[in-house]
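Heads up, there are several structures right after this.
Two complexes come next, and they have one chain in common, chain A, joined by chain B in the first and chain C in the second.
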Partner chain A sequence: MTKTSVPFFHRPKVVPFVFLTPFLIIFLVFRVWAVIQAVVLSFQKVQGVGSTEWTGVGNYQFLFNDPTFYKALFNTAYYTTGTLILLIIIPLTLAALLYSGLVKKAGVFRTVLFLPVLTSLVVVGVVFSLILSPGGLLNSWLGLVGIPAQRWLETADLAIPAMLIIATWRWTGLNMIYFTSGLANISRDLYDAAAIDGASGLQRFFYITVPLLRPIIIFVMTLTLIGGFQLFVEPFILWSGGASPGQGGLSIVVFLYRTAFTSFNLGYASTIGVVLALIIMVLSLVQLRLFGFFKKEA
Partner chain B sequence: MFRTMTFPKKGVILTLLLIVMLLAMIACGGAAAPAQEAAAPSEPEAAVQEEAPAAEAEEVEEVAAEVQEIDLTFWTFVDAHADFFLKQAERFNAAHPEVVIKLEPTVIDYQDMHDKLLIALQSGTGAPDLVDIEIAKFGTFMRGDIQLHDLTPLIERSGKDLVIERMAPYQGGGQQYGVDYHLGALVMYYNKELLDQAGVDVDSIVTWDDYIEAGKKVKEETGAWMATIETTDKWSVSPLMQENGGGVYDKDGNLILDSPANAEALQLLSDMFHVHQILTVAPGGYHHSPEYYAMMNDGDKVASVWMPQWFMIRFKEFMPDLKGKMVVRPLPAFEEGGMISTMGGGTGTAITKQIDPEKLDAAMEFLEFAKLTREAQVLIWTDLGFDPYRLDVYDDTELNNPDEYFSNEPVMQTIKGMLDRLTPEYNGPRYPEAQQQIREKIAYGLFEENKPPADLLSTAQGEIEAMQ
Partner chain C sequence: MDASLARREQITELTIGSHRWQRTLGKVILTTVFIALGIAFIIPFYWMVISSIRSPERIFADASKLLPTEVTLISYQNLFSEQNFGHWYLNSMIIAFGFATVAVTLCTLAAYPLARFDFPFRNTIFFTILASQMLPFHLLLIPLFMMMVNFKLIDTYLGVILPLAAHPFGLFYMRQYMLSLSNDVLDAARVDGASEYQVFLQVVLPLVRPAIGTLFILFSLEGWNDLLWPLIVLRSDEKFTLAVGIAGLLGIYRPRWDLVMSAAFLATFPIVILFLFMQKQFVAGISSLGTGIEK
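On to the complex of A and B.
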């Protein structure tokens, strides 16, 4: 075929863009333009329909001095730290255990542990509000080992622990899958060599498995960090509209939602959103740096 | 056949397919509620002729033959409200043969519905014609350019018979924007059987001091708590604040959270809980939890509870064992001869500005028919179980019937007796935020953390005043 007879949209250099156009349109409209709008809104004061005024950094200054924001930030940071600890250690241990061959029918356990990931978050919230109720399942189990019934959903101090229980139940399976795939990439020869040299099971775990899983651990930590700071559905469902006792479960995104939908202050809500995005970005970069993500492998 | 087509033809077909798919995706991703209604068959508007102006009155017979069909969309978050409105639409159509109202209600979850309404009003499209807005959310819609129609004419027509204070929470700038379902009078529900066991005469409790004495006696004789209180909702603190002349706003629209009246009310509650120890936290933290219903239903653990009138429905539905043992009485007063009730809760039905202007008159007439007429208010009691706010209705036979559950007393007459000693509740722009403060920090802080009322109230006042 000569060049002149190929229609414009069929040319090899053009065709890829033709196929990318649908995605690009959706991406530009719903992601890029929406984010730009949000940033612009964050510099405005909105007090209802038809009243928008430019306020420069006024919203940011107000946020800096807002005690409710700091309460939300503390709660969210507390929650994220909890998930970072619980959702790395437990899945990693379980993954290693199931992979080591010590457990028969490991595949069955992996599937069962993964099922919670597939459930709808709203359903999880409703069911767990029953499980965590004063006469609910969790308190019954605690009673069996002599621990008195806790008022999980009525006490400010227990709000975050309650949500951590739900998070652990829900995400352990997913992180386990990530770690399992990482484990599969470690050559058996390393373990055999270590065993010959007299290393015990635990020593093999800490000196071979964990270091070689570093990339996966960094990956899981980053996802957990981002997900933790975006906490919204659990407090929203557990306590109607996110009104937790003593504000113990107030997360940044619940605070954002309220500012938008209860106070109808879309400008300030956008400010919170922008600041949250910046916080997540900074923390992620710090975490990556700390774990040597940016260093070349020796 | 597709394979043998030359490329240009294939290209055109593929592109069209892609566009159709994209449109389908965008349409399906749009607001759920209007899409649901699109699925239901929609009548084409047969608005043949407008209502004849007075000048052409001699052609009345000709005009009456034309039937005007009006489609009205209605959003609510309570199934019972949707059913009520559908029934009223039927009755309206029967009473007004020249107009056929086709009501299309959609019931959406409480939080979701208000969020969607806000977005629809903000973006200028997608809002329903009629909508239920709960009292705690109403303030949000009173900001900026109000997107609801002024309903003041309705009140002017029916006003003299209404408990006019009930209209206050849905007013803004001197205009009426919503019409409520009920009065929401606060009452005390006593387990008379338990009180009798303790040797307490329920009618001897007139003031809060009497209540405290009775509570101590109940605790001594039967070991039961006098009442439960909420730490994660407002029903324990708000009513007393209001009864004492406080509340969130005053009638002039000032934020009065840190008023002495409120502080006094909270101090009383604090004393009852921490000092006299006649109150306990409701299991689950609030009075709508299954554990609370179970505890109250046992009949020997808690002697009373103060909640709005509509809590009667919960008693009958969730606490069946208390049938015949409960009585309804006014709240104890802060002082002899003082106020014995206030208002709590409520949902205002409003008409949005996105309604087709040609439908507005009919919609307003329908709304008045459905909620403000004498017959409508009787139905509010018989169908919805709510307390009406039209004074002349309380003489109706329906409202004089003895209630088996509540010891065969005519409960609505007890409420009638309270109507002239009932403090109103005022709304304002930051009412929704104030509710959050009360639920999350004031109620919780007062009972669980034993914080001083003045501190709790001044913090709340300060935070709300500082809001942008």
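On to the complex of A and C.
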């Protein structure tokens, strides 16, 4: 069979691209082109769709002098740092305990702890509005152990702690699954050998489990970091539209959303988006480097 | 604090495994701790249910009471009589399944050549798509919104579904799965004279069915739960999804907490039931993402 006799769509050089084309079209239009547009818009003043004016780095200058941006950045960084601690330590500990065989019906507990992952963040927000309300369940339980009632959602300084409580409930089960799948890949022999050498449970956890789970821990940390900086739905629901007291729950994305769809300042909102993307990319790379993720490949 | 320390020491001792009774005691203590934890995790679900059957004016007043003073289904009645709740439900289903169908199709098609063919720019294409996962969706929000206006896709299902359908994670997952297929089966079909398209349809697709199922579940969940993008695209009340509708009930001057709680319950309940039936696929999908990065 000569090459020319092969129909166009069956040529070896064409076939892969036939499969790729639908994905690539959507990808190029709605991601690549959108990213380019976002960068272009970030240098413009846009009042509504259609009327644009080139302002150079004006938006960026304004952003770096905008106290609201720094407030949002601080809140978001605070929240993300909190989740990086809580959502690694708690799920890792729980996953290891459930995997140890010391807990009966471990599968049932894994299921129960996973259920919050299924819920819409909108639903999470409304349920916790009740639980965290002044006369709500959390305060009444804290009262049992002698902690005075807090106005969780009406106090600026408690906004992020409140959202960290919610995040722990919502995401623990998901990160546990990642860690459990990692644990399943660690050879039992290592633990047996360590036990024979007299290593305690804790020693085995810190000298076998944690080092061997390192790639998964880094992966989960990266996801948590990226997710943390994209905080939006929780503050949007908890303080209808994200108008939290003293801007205590103002996240970067809420700031972006309000700039775009309350003030209709689409250019400035794009600037916020570009800066957010840069922050996330730089921090993810720094984090991956810090934990030596690139060394392994080299 | 003391309790958890004691618990840790308990485990330490136990896992050395000297005395059987110590091991048993440790198991009992740990199981008790996990039962308490489990209850704490179930409570918000219980609160959803219990608040939805309280009389509307008692929802906040009784917010710390474990049992309702009186049970009423008035919230559910009002939800259906005052709001377009039936529409919201249907819209959420259309968008969840529509999104999952389009996204899974695109990902499965594109993953095949990326996993099984050698062609120029293969790795460049794959890693560019993968790297784009790192970009926050919010960067794209404004340009996508303007595109929707220009394409006249505002307030349409397609406008909600299409922009997010080229899903980098879905592609990664599918490619990972297809890499594990054996070459022999595919080559056997080729020797028998099957074209590449027949190989894909008749050999590859049946083999990757579990992965398709998993992705479909994960994408449906994503479509069902998403708020931000549908909030921006959808404008008219009868086009709203559940998430947008519920958020809307809070946005008006007097939040309708009674309606919100019953809507929240009805939006969550079927997902939880489905999960309990298809737990394996859910969990398999998520774990394979975690272990995938090790390879």
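Operating definition for what follows: the second predicted complex is superposed on the first by the 287 of 298 C-alpha atoms of A that agree within 3 Å, B and C clash if a C-alpha of one lies under 4 Å from a C-alpha of the other, contacts with A are read in each partner's own complex, and residues count from 1 in each chain.
By definition in this document, contacts are C-beta pairs under 8 Å (C-beta built on N, C-alpha and C of every residue); 3 or more make two chains touch, one makes a residue touch a chain.
Everything quoted here is computed from the prediction, not taken from an experiment.
Engineer: Could you tell me if A:240 is touching chain B, chain C, both of them or neither one (first, second, both, neither)?
Structural biologist: After superposing on A, A:240 lies in contact with both chain B and chain C.
Engineer: Answer with first, second, both or neither: which of chain B and chain C does A:256 touch in the superposed model?
Structural biologist: In the superposed model, A:256 contacts chain C only, not chain B.
Engineer: Where does A:209 make contact in the superposed view: on chain B (first), on chain C (second), on both, or on neither?
Structural biologist: The answer is neither, since A:209 touches no partner chain.
Engineer: Would you sort A:169 into first (chain B), second (chain C), both or neither based on which partner it touches?
Structural biologist: Once the two structures are laid over each other on A, A:169 reaches chain C alone.
Engineer: For A:155, using the defined touch cut-off, is the partner it touches chain B, chain C, both, or neither? Pick first, second, both or neither.
Structural biologist: Only chain B; A:155 stays clear of chain C.
Engineer: Looking at A:68 after the superposition, I want to know if it touches chain B, chain C, both of them or none. Which is it: first, second, both, neither?
Structural biologist: First partner only, chain B.
Engineer: Which partner does A:76 contact after superposing on A: first (chain B), second (chain C), both, neither?
Structural biologist: The answer is neither, since A:76 touches no partner chain.
Engineer: Hey, is it chain B or chain C that touches more of chain A?
Structural biologist: C
Engineer: For A:45 in the superposed arrangement: first (chain B), second (chain C), both or neither?
Structural biologist: Only chain B is touched by A:45; chain C is not.
Engineer: If we overlay the two complexes on their shared chain A, which of chain B and chain C does A:121 touch? Say first, second, both or neither.
Structural biologist: A:121: touches chain C, not chain B.
Engineer: Which parts of chain A are touched by chain B and by chain C alike?
Structural biologist: In chain A, residues 10, 22, 49, 133, 135, 236, 240-241, 261, 266 are touched by chain B and also by chain C.
Engineer: Help me check something: in the complex, which residues belonging to chain C touch chain A?
Structural biologist: Those residues of chain C that touch chain A are 8, 11-17, 23, 26-27, 30-31, 34, 37-38, 41-45, 47-48, 51, 59-61, 63-64, 105-107, 109-110, 112-114, 117, 119, 122, 125, 129, 132, 134-147, 149-150, 162-166, 171, 195-197, 200, 221, 224-225, 227-228, 232, 242-243, 246-247, 250-251, 255, 257, 260-261, 264, 267-268, 271-272, 275-276, 279, 283, 286-291, 293-294.
Engineer: Given the complex with chain A, which residues does chain B contribute to the contact?
Structural biologist: So the residues of chain B in touch with chain A come to 7-8, 11, 18, 22, 110-111, 114-115, 118, 121-122, 137, 140, 142-147, 231-232, 281, 283-285, 289-291, 294, 430, 432-433, 436, 439-441, 444-445, 448-449, 463, 467-468.
Engineer: With touch defined as at the start, can you tell me which chain A residues reach chain B in the complex?
Structural biologist: Checking each residue of chain A against chain B gives 7, 9-10, 22, 45-51, 59, 62, 67-68, 133-135, 151, 153-156, 236, 239-241, 243-247, 250, 258, 261-268.
Engineer: Of all residues in chain A, which touch chain C in the complex?
Structural biologist: Result: residues 10, 13, 15-17, 19-20, 22-24, 26-27, 29-35, 37-38, 41, 49, 94, 97-98, 100, 102-105, 108-109, 111-116, 118-124, 126-128, 130-131, 133, 135-137, 139-140, 169, 172-174, 177-182, 185, 195, 198, 200-202, 204, 215-216, 219-220, 226, 229-230, 232-233, 236-237, 240-241, 253, 256-257, 260-261, 266, 269-270, 273-274, 276-277, 280-281, 284 of chain A touch chain C.
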